[in-house]
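Supplied in structure tokens, the structure appears directly below.
First chain written, first letter: the chains are A, B and C, and each begins at residue 1.
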Amino acid sequence: MAVLLALVRLAVALELLPPWAYGVGAILLLGVTLEAMFRGFQAALLPGIGLLLVGIGWGYGNTPAVLLALLGVGALYWAWAPRMSEREQASFWGWVLVWPSLGLLLVWQIFPSLYALWLSFLDRFNFIGQSRFAGLLNYEILLTRDPLFWKAMGNTFWFVIFTVPLGILLATVVAILLNERVRLLGFFRTLYFLPYITALTAAAAVWDWIYHPEFGFLNWVLGTPGLDWLSTPQGIFALAMAPLGIHLQGFWAGPSVAFVAIMVMSLWHLLGYQVVVILAGLQNIPKEYYEAAQLDGASWWQQQRYITWPLLSPTTFFLSTLGLIGAFQVFTQVLIMTPTGGVLQDTLTITLYLYNKGFRDSDFSYASAIAVVVFTVILVLTLVQQRVLERRVNYET
Amino acid sequence: MKYLTIAFFAFLSLSLAQQRPEEIIKGQCEKASVVAELWHGFTGGAPKTALENLVVEFNRTQNGQVCVRPIGQGNYRDLSTKIKAAFASGKVPAMAQAFENNMALYLESDALTPMAALGIDLKGVNPLFVNAVTFNKQIYGVPFNKSIQVLYYNRDLLKKYNAKVPTTINAFIATAKQISQGEKAPVYFFQPDTSTFSYWFFTLGGSYLQNGKLVLNSPKAVETLELLVQGVKEGWARPITSGFINANFGVGPYAFSTDTSAGYSFYLQAAKFDLGVATLPGRTDKQPGFGLVQGTNLVVFKRADEKEKKVAADFLKFVISPKVQAVFGVATNYVPVNLGSGADPVVTQYIKQNPAFGVAITQARYAKFEPALSDWEQIRFDILGQAIKEAVLGQATPKAALDKAQKAAEDLLAGRTR
Amino acid sequence: MTPPYALSRLLIYLVLSVGAIAMAFPFYWMLATSLKSPQEAQQARPIWVPERLKPANWRVAARLGAEGGSPLWGGYQDGRSVTLRIYTGRMGPEPQVFIPTAVGAFSDPRAEGTQIRTRYQEDHWEITFTNVSGESFRLLPAVVLLSKSYASYRPELPPDAVRSSGDDWRLEWVNLAPGALGYVFHNYREAWLAAPFGRYFFNSFITAGTQVLVGLLLAAMTAFALARIEFPGKNLVWLMILATLMIPGEVLLIPSYILLSRLEWINTYYALVVPWLASVFGIFLLRQFYLSLPRDLFDAARMDGASYWTQLVRIALPLSIPGLVTYGIFTFLGAYNALLWPLIVTDRPEMYTIQRGLQVFIGEAGSDYGALMAASTLAILPIVLGYFLAQKQFIQGVARSGIK
């Protein structure tokens, strides 16, 4: 009920409802709650009352009322507690402890999401003019007539395909090596880990400089002066196949050279985290397994293959889920290294596209529709991944 | 006129003072009964300082009763987002910087106050600039910080080949070819984007609007794009796809580029050669080519408080006066929007040391604008810009690329796509 | 120690080192560039050791700095003279010397209040700048136009930029009286003075700190209730929190901004902190932790009459310190490194966080990569220092996020 009230308050704040609606709503709810509380002596509703009163006080900008409400609930509880049953105590404390977080999540996450969902049904909402209800039009355009959206989805696909397995593989190799009782473990670990704690803004600025066609370090190392990594839109598969006389087009041309450059930077940034997590996973594997394997004459390679890899699967599963979700959120590095999304929109990611639609073309409806589609895709993919991979993951109990 | 002269000298003394103008404005607005906010997109450097100095000076003439407060909202893109959100939250500023396509968007919901209603007379302001802010015969803003395309060239290289600075397109192409052959590398640097395309397109006599309808694939447009593609094929034009041209001087011998006058100081900083600036080559040598104008205007929002609007009106009158434009232009290298500023001693003195500034002022008389459509930014980047890049990079023929762009633009404008 | 064993050890170290160099290189590049002049930064052949790191130059810088102010930090004080020598070997055309005026300034007391004298001595030109302006300045920028007819020339202090200008070479110095430290750390000093970085750091620490402390308490409370208390509606709450986990952050930007501006919270610490106080990640992590603690522990406490609050504070919180550290590190990193949110909710420099300030600075610095890298280094420094101070907690905290 307090949830309802919070929504009413927000609606008033956004001028969707007149101000008196809040007062009326609050009084109605308060009455209902009081009635229910005294009839059933439901202690669980006590924090609700407190919150309602706090809400009313806050809603009308009355600080003493807020404090009074809090004190009142405290006093009520104190007076009431000795007569409360165990169950009532539990429900009282359960709600008291949950409310602050829940309230914040409601106001700052769930309500804005619902608002965004509502926006996605409008026609070109930009806050300035009037926009009419358009139903599923935005979704129809997005899914059937928008090549850039599919381009961005394709790029996200390549990002997952390239960075997730490669990142986990590299991190596993490094972690296994670090786990071989090397000296200077702390030193190596620090070097691998530093990129992860570096702000992406600063990191992307440095990499931009390394990829620079004229002054860039990379071109000097490779002896390819003038090669402009970040504005080479040709797909890498197309480039690789061209000498063989095979001309690949569109999606099959693969991610562009520029996008691969961004993937490399992203790999660099995340690798440290993956190494640390996998290292922890390795250290959780009992030493006895290896000792037993050594007694059986298993080679180093066999040990990794038949002990480390399967026992590490919960960790790799966790990292791949994280990588999958992360791929849909790639933004900062693309914005700083290729602000326009690449020469031929070849580094466009889904988040950058959403940002462009909302903040450049001021079509918040369409941007919201993209967000909703991304939300759905992530949800489905995570569920599928859990279904498919969970069976193979070897949980050690 | 008198107070302007005083204002100017106060302005001078101000730039000497060590106190930051931001602080001074804070003090000025503390006791003012009416504060008109001006939201801008200058992130720093000379433009921001010059704007603040200008505001300080204006506030000083108001005897502390009213004041203007400039508020930086990040870059232009941040600014336009903030303004939209301001509409949502109901607290709009009195004034803001706006591009012509932003203005078209605001006007779709009738959010701007016409200048006539504020009693602002734009006599003396460059009529080409005023034309760009005129919608349905009403003027809805004052041109503020404007830059225009000019021809940049490498004096050292031209001298080496005994070449004159070309004044016609044909001479330009011939010179570029001659030097390119000598240097064995293309020497005309250009960004394959809508700006560069617009210069060639306008100068060859093209127009984006035909009978009020947007046409991107007119025969002139195809001809223009073919010329650029030809230039790349024949080896006298080099497309620059990453960053500004001045950041790419090292990739090969540079002789020419057609770029915005706002880039002058960056060109100067990056050039290790002797940098020259001239008006754009024209179709004939009778007059220069048409340069694309970019930069913002100042607009006043209808929803703003009446008292604030009054302050805004006074401020805008102050801003477009020849003296203030002269000082602002010299400080920022933007083209003074008032034609009278050219004769001001501040400007004439400055031009003696910086001839490039004089070139931009001359070029501003041969100016053109892109269409003021609310969807133009998207068309310019995602549709026309992409078509130009595709053609120049050899992924499609000019005709096919522009036909595709035309279809995409029509779909967008008809609401079939987003 | 058998040879194959030694060989495999060698291989391990080799692979690890190559990887480590690749990982660390961008940091080296950032540091090196932060000590370079703009023209040095823009070289096709990388300059491994910038001029500003060469001891021979420090000596000259210290001498020039001492002439103008102090040997360490330099300066251009009233009444002092600074003398620069340019070795040309012969007396050709006299070099032209001037002090460049600041962009957009109409008059410059430093340029106008300086007497410049040039004379030829033995094998060099001697250029003397004398400050008669009555004021003191921090920097002494200078430009010398030297005829291209000189076959070779060597200024004592290497110029920060050399360009062609007609028949002359244009030699530019950003500061001719730097002092030893002022010379090496020029980019850092200018970056620090160009923007109120101190204020940015303060804002970042305040917001990140509050988020961690309050966020920890809220997350611990919620997680404890969800893990250890049976109350009606618990499943519903848990479901809602799970659903929140799936919301992509970008969806929230616009609605949240509107809400904040209605509350008049734009440009306040509230806007930077409050929306992020409740963390689903924290609730998840800590709930996992509390579930793993033995049930009997709490039941026993309950029997002894301890209230739920006492259980939380006395038992759950102390036992979950590792989880709290993990949460704290991630929240602090997230808040400190965030860019998009501060970009949207702050537009007054006094409310900028360090990342927002850095982003503005990147815009202003343009192609001055030295200053840009100096500012970037400053921005990541606190986190890197924090890492070195609490390395163990850092690594363990981060590692814990991946253990189910």
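One rule holds in what follows: a contact is a pair of C-beta atoms (placed from the backbone, for glycine too) under 8 Å apart; a residue touches a chain by one contact, two chains touch by 3 or more.
Quick caveat, the model's predicted, so the values are computed rather than measured.
Participant: Looking at every pair of chains, which has the largest contact count?
Facilitator: So the chains sharing the most C-beta contacts are A-C.
Participant: Among the chains here, which has the CA centroid at the largest distance from subunit A's centroid?
Facilitator: B
Participant: Which chain is in the middle, if each chain's centre is the mean of its C-alpha atoms?
Facilitator: Chain C is the most central one.
Participant: With chain centres defined as C-alpha means, what is the inter-centre distance between subunit A and subunit C in Å?
Facilitator: Between these chains, centre-to-centre, one finds 25 Å.
Participant: Can you work out the whole-Å distance between the CA centroids of subunit B and subunit C?
Facilitator: Roughly 33 Å, centre to centre.
Participant: Take the average of all CA coordinates in subunit A, do the same for subunit B, and state the distance between these two points in whole angstrom.
Facilitator: Their C-alpha centroids are separated by 39 Å.
Participant: Which parts of subunit B, given as residue numbers and ranges, touch two or more other chains?
Facilitator: Correct list: 81, 85, 88, 247, 250.
Participant: Send over the residues of subunit A in touch with two or more other chains.
Facilitator: 214-215 - these are the residues of subunit A that touch more than one other chain.
Participant: Which residues does subunit C have that touch at least 2 chains other than itself?
Facilitator: Each of 42, 44, 254, 258, 262 in subunit C touches at least two other chains.
Participant: Across the complex, what residues on subunit B touch subunit A?
Facilitator: 77, 80-81, 84-85, 87-88, 90, 105-106, 108-109, 111, 241-242, 247-248, 250-252, 375, 377-378, 381-382, 386, 389-390, 393, 395, 411, 416-418
Participant: Mind listing the subunit A positions that touch subunit C in their complex?
Facilitator: Touching subunit C from subunit A are residues 10, 13-14, 44, 87, 89-91, 93-95, 97-98, 100-105, 107-113, 115-116, 119, 173-174, 177-178, 180, 182, 186, 188-203, 205-207, 209-210, 214-215, 217, 219-220, 225, 268, 271-273, 276-281, 284, 300, 314-315, 318-319, 328-329, 331-332, 351, 354-355, 358, 364, 367-368, 371-372, 374-375, 378-379, 395.
Participant: Within their complex, state which residues of subunit B touch subunit C.
Facilitator: These residues of subunit B touch subunit C: 12, 15-16, 43-46, 49-50, 71-75, 78, 81-82, 85-86, 88-89, 91, 155-156, 246-247, 250, 265-266, 269-274, 330-332, 346.
Participant: What does subunit A use to touch subunit B in their complex?
Facilitator: Listed in rising order, the residues of subunit A that touch subunit B are 15, 124, 126-130, 138, 141-142, 145-146, 148, 213-215, 226, 228, 230-231, 233, 340, 343-345, 357, 359-363, 366.
Participant: Which part of subunit C faces subunit B closely enough to touch in the complex?
Facilitator: Touch list, subunit C to subunit B: 38, 42, 44, 103-107, 109, 162-166, 254, 257-258, 261-262, 343-344, 347-348, 360, 363-364, 366-367.
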